[in-house]
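Scrolling down, you'll hit the structures one after another.
After this come two complexes, each holding chain A, first together with chain B and then together with chain C.
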Partner chain A sequence: MDVLNALVALLNYVLVPGITYGSQLAIGALGVTLVYGILRFSNFAHGDTMAFGTMVTILATWGLQSMGVSLGPLPTALLALPLGIAATALLVLATDRMVYRFYRRVRAKPVILVIVSIGVMFVMNGVVRLIIGPEDQRFADGARFLITAREFKQWTGLSEGLALRSTQVLTIVTAIIVVIALFWFLNRTRTGKSMRAYSDNEDLALLSGINPERVVLVTWLIVAALATVAGVLYGLDKSFRPFTYFQLLLPIFASAIVGGLGNPLGAIAGGFLIAFSEVTVTYAWKKVLGYLLPDSMAPDNLVQLLSTDYKFAVSFVILLIVLLFRPTGLFRGKSV
Partner chain B sequence: MKKLLLATAASALVATSALAASHSDEIKIGVVLGFTGPIESLTPSMAAGAELAMKEVSDSGKLLGGAKVTPVRADSTCVDAAAATAAAVRLITSDGIKAIMGADCSGVTSAVLANAAVPNGMVMISPSATSPGLSTAEDNGLFFRTSPSDARQGQIMADILLEEGIKSVALTYSNTDYGKGLADSFQSAYEAAGGKITISAAHEDGKADYSAEVAALASAGGERLVVAGYVDQGGSGVVRAALDAGAFDTFHFPDGMIGAKLEENFGTEIDGSTGQLPGTDSEGAAMYTALVDGKFDSTSPFTSESYDAAALIMLAMQAAGSSDPADYKGKVLDVANAPGEKIFPGELAKALELLAAGTDIDYVGATAVELIGPGESAGSYRQITLTGGKITTVKYR
Partner chain C sequence: MSETARKVALFGLVVVLIVGTGMVQSWNSALLILNMGLISAVMALGLNLQWGFAGLFNIGVMGFVALGGLATVLVAHPPVTEAWSAGGLRILAGLATGAGVIVAAALVLKRLRRHRTLAVIAVLVVGFFLFRWVFDGGVEAVEAVNPASTGFLGGLGLPVLLAWPIGGVLAAGAAWIIGKTALGLRSDYLAIATLGIAEIIVAVMKNEDWLTRGVKNVIGLPRPVPNEIDLQNTPGFVENATAIGIDPVTASTLWVKGIYGVLFAMVLILLLFLAQRALHSPWGRMMRAIRDNEVAAEAMGKDVIGRHLQIFILGSAVCGIAGAMMTTLDGQLTPGTYQPLRFTFLIWVMVIVGGSGNNFGAVLGGMLIWFAWVQVEPAGLWFLQTLTSGMAEGPLKTHLLDSAAHMRLLTMGVILLLVLRFSPRGLIPER
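Right after this comes the complex of A and B.
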């Protein structure tokens, strides 16, 4: 029984939040890594692209809600998601036309493109705040819980509860679908293969007749979809506030770099690594150990490696270690 | 150039002293508040409160045989200690004020006290500095405040929880001066009274996700979670995450967490939670509102404390029969506390008469002033509980 209690406590406070957060980071990092691999620069505007997509989705959700449309137990935002993706795709394509294309033509160095993307970031930042405002927005509806902690305790008779929010399950399921679809696209379709060829060797790809503008177009479309999905899932599960999306940029980049920039598999692994390190290093193990160890050995103190204040430092320590000892990331990405 | 400067300075000096001599029946009181900066939306009503009391006294013509009281405003900026000190020094040395009504924020208040008030022997009554650190500041008996120290709120919190039979709690606080100060004072009061704090963890405001913080809090356990944060910031996020994970069912909220937003965010989910915020059921508050009569917002935070601070300064002067800070600083506690005839807002003329006749007064004012210890408001608090998703008053203490 004690082993079960320990397991449930661990699941409730570490595994489920970690997997959810990891999935959100992974989808975000996939977008960053695709831009890096194919367009060859670090897109600092990615966090704000996520915010823009989420904002459009929120506005559409409110529209649907006011018309009385709902998806029953599922959040209405899922219905509004395609509109959010479409608007974001238009935004990033317009940005590419107006800004990035010029620098691509003149074959600007990656560092110049990075600075350009920071400029784009500030513009998007302002646009989002202008339209929806800087405050918190909640737009989750439908059933909030699949299992509440109280119900779980009643069913199982355990003293520990397990809460499973519908948004957490939704996040994980969506992440799996998105990742499978993306890998199928990159590995099995003609367009996907041409993207990978372009990423591996731009000149050789051009020689073999691949249309670069088409590759760029498709990349931006996929990035817009990934950014909007990641943003909406994060917003549904937590809450939407432009500033937190801007801050999300840091763990997302940490995930992409730790996994190996430009490597999609690495982005996913990096997302989970960062998410779990944030949760586990700052977790107080007192309760779990209290269940597992005999009473005489049960700890009195919190058995907490680091106070939660240092949560954000953890991902950067990992980032530093990886960059020092394996600069191309765990999965051999590119390095410029 | 040098000569011109010297001449200007000399003539200014002469002019000032001449001016001072000709206005011997005028008493200037400095109003040092953050008219620019983070609390600039609150300070106009605070200054208006203080100036209302000064006008009331001037109009009565009964202070020290008919002296007029003039307010002199200066900007404390709330955050810039150097600017606040410079402003206060200017008031003392060039305007010739006899007291300071201010400053407002705790940081600048201690700077003004240490660098301007104490060296110049100036009495200072702050309406709004709540930091516990000011209770032990070196003040030569010159510093008072009409707001309670957060140390007091920590004590009240500990009392409420222990009376409810809660012997162990987890504590999380917003990583700000307010949160940290309150958490520290609560922790020492609660532990001294035999309570157990299983964990004291800070949370950053403005984050979307607090599951890691809640995981640590839940692991430490406790009968209730004390959230010393802000309701429109991280405090609500922590409560939401704790409810979702089933970590805690009931909470205890200090003043930063209590507001309409709390009911709106959580409704009946936090039924049975408790809390406290500064508040009084004394009739003084209603009388103050009537006195203000819509000229400014009489319910704005700290405006009634400002009225009381200014009133106390002038009543102490009357009791001492002098506007010299060295003479009247010892009288502030006498006029503020029992015994004596109770004085409410709008009754300053009566108080001045009584003092002139040698009768003792007990200034109650708009906030039921009762100065304790080193000259700070004892503070009355409204104890609340959440029932049916609504904040309901249990009692005043």
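Right after this comes the complex of A and C.
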């Protein structure tokens, strides 16, 4: 039995990737949940908004790289990120102006807005593919590892290595900053409070003189920032491909719904729940069990519960279970 | 313009577009568009049952279409006897174990009073490992059988036309399971649930090589029509072709596609007739009443959830039939090509543009949007060529020309948004 090695293996293959993926999902789900809370519809274009923001950031990164600008150990994409956020903000504001505002004015049913967002999804998806193409793009640069497996083994003398990729640390740090900033904004500032008021009770908020168009404008700005950050972090950690971002829609929605649509705290909890379930169910446990069990009982197959291709099934099953037993999500979301 | 005149004019437009394709491009591509257009119209008809009649937000069309394709393989492909003897029974036993575990868990959930959650989890965990133990051995044995050409169980070797109704039944069965669990949910939850199920169905078809050969594709499925080569070797056919003045090779491809077209048109007309009868029956009026006001319908004693389940199954079955027809037309099952944008959201564009709630609208939307989907690509290429004709050769120009293929998604999105904004009831609105 070798608990330390087992722990390190667990940390390396399950906990760190889980936390990283969870942070990415949480930031994505925050965007979905904000749109749902304020604008009251499920935004199917969110994945493609993420893809758009990431695409602009990638293009800006390439521009910076060709000019020889770099951040040293940090990825250059961080410098390009503000540009990506700005471009995405312009895009979603223009979309709101040209598309969504009309339906708000005629007070269309939420389901109509969902279909409208499918149209927006098509357009954004088309734009992204037109500009950058459907292929895989890698744009991470700078130091690749904070700790490599070899260094870790040398320091600790354990046989199991722990590799900490810089993108993982970056993701987690950024996620913490973003979440703190968002909650500070929602709970402490006047605009944030008016947003929460509008989300809780639209009529009452209107009566107290809150300008709905301003609330919507600020919401879209925040959503653009969240979507771009989530997309860039995911792209740095893995890689950028328009179709993958479209597919991210499912775990992101699952996170938001599991946590309770419209509830920011729930979105974060949901993101981590979904991420950890995906990682644990699709991880081959052979190594960890091999350390923990005596040699005679060590498993001879991979002990992988499900192949990684079925990770969507995991988020989906959790979603169904939560919906069947607690239809408003873990944190009591709202329903329109 | 009266409604009939509008219908005639719009369907006339479809005919003109397809005949025009035949004259300008080639009759071969015109028939290709016609055949896939007919299949798309069937899919749109199925979705229209769910969305137009009952207001069910199903964005899992792709899954049912894929199940129809799977049915084609299971029905028409000749059985691979070697694989069956290697591990076929073990796979069946594994599947039976899996089903047994689920039934056992359900029984425990129903019967037990105390420690219910723990007992259910225990049954599921133990059952899962039992299932994997029985099942995995069979899968390994089957997939080891001549993996380059078979490596899967094959089908029943029945006539391929049987696959169409069976595809419908398979999709209906899946829809029953999904509907039982998810139909009570709110509309956008149902949407996500169906989206997820469709992804899972396609993931299963991509990864379970023993069933569908996965991404290795099943090719050479039997066809309900004669082979082009055989036709070219039939003296009578060649004589007839030369008599009308078409070269026998072209004539044979056109003839085969024509027969497919007639078959698909027969299915479409039958389903359209049934859907029309359903719409104008008391049942159809009840459906629309439920759609327009669930609470009022329930107060009148209508079983809302039961009716929803019914129409969800019917609509999915129609999508399954369309999926089986499509795989038959292709002659192969390629699980890697099922993409939600193409097989779910495009069908939505068809229904919305055609006119949700109107069967003729759905059929029109299916044909028209399919035509647009096919023709946007050459049109986009032409557009970009004109646009870039003044540009110097360079990476930007190449990139622009390469991306013509992606104009499709953009165009479909713009069409959908414009229709929703300016004509939300579609081209042929519901009466």
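Assorted remarks:
Assume the second predicted complex is superposed on the first by the 325 of 336 C-alpha atoms of A that agree within 3 Å, B and C clash if a C-alpha of one lies under 4 Å from a C-alpha of the other, contacts with A are read in each partner's own complex, and residues count from 1 in each chain.
Everything that follows uses one rule, which is that a contact is a pair of C-beta atoms (placed from the backbone, for glycine too) under 8 Å apart; a residue touches a chain by one contact, two chains touch by 3 or more.
All of these numbers come straight from a predicted model, not from anything done at the bench.
After superposition onto chain A, the partners chain B and chain C occupy overlapping space and clash. Once chain A of one complex is fitted onto chain A of the other, the partner contacts of A:307 extend to both chain B and chain C. Look at A:62: by the touch rule set out above, it reaches neither chain B nor chain C. When both complexes are overlaid on chain A, the residue A:102 reaches chain C alone and has no touch with chain B.
Look at A:150: by the touch rule set out above, it reaches chain B but stays clear of chain C. Of the two partner chains placed by the overlay, only chain B lies in contact with A:234; chain C stays clear of it.
By the touch criterion defined above, A:185 reaches neither chain B nor chain C.
Once the complexes are superposed on chain A, the part of chain B occupying the same space as chain C corresponds, among 25-33, 61-69, 79-87 or 187-195, to 79-87.
Counting contacts as defined above, chain A residues 243, 247, 307, 309 meet chain B in one complex and chain C in the other.
Per the touch definition, chain C reaches chain A in the complex via residues 55, 57, 59, 128, 181-182, 185-189, 191-193, 195-197, 199-200, 203-204, 206-207, 339-341, 345, 348-349, 352, 399, 402-403, 406-414, 416-417, 420-421, 424.
Contacts from chain A toward chain C in the complex involve residues 41-42, 99, 102, 110-112, 114-116, 118-127, 129-131, 133-134, 243, 246-247, 249-250, 253-254, 257, 305, 307, 309-310, 312-313, 315-316, 319-320, 323-324, 327, 335. Contact residues of chain A toward chain B in the complex are 9, 12-14, 17, 21, 148-150, 152-153, 161-163, 165, 234, 238-241, 243-244, 247, 278-279, 282-288, 302, 304, 307-309, 311. Of all residues in chain B, those touching chain A in their complex are 175, 199, 201-204, 206-209, 211-216, 218-221, 237, 244-247.
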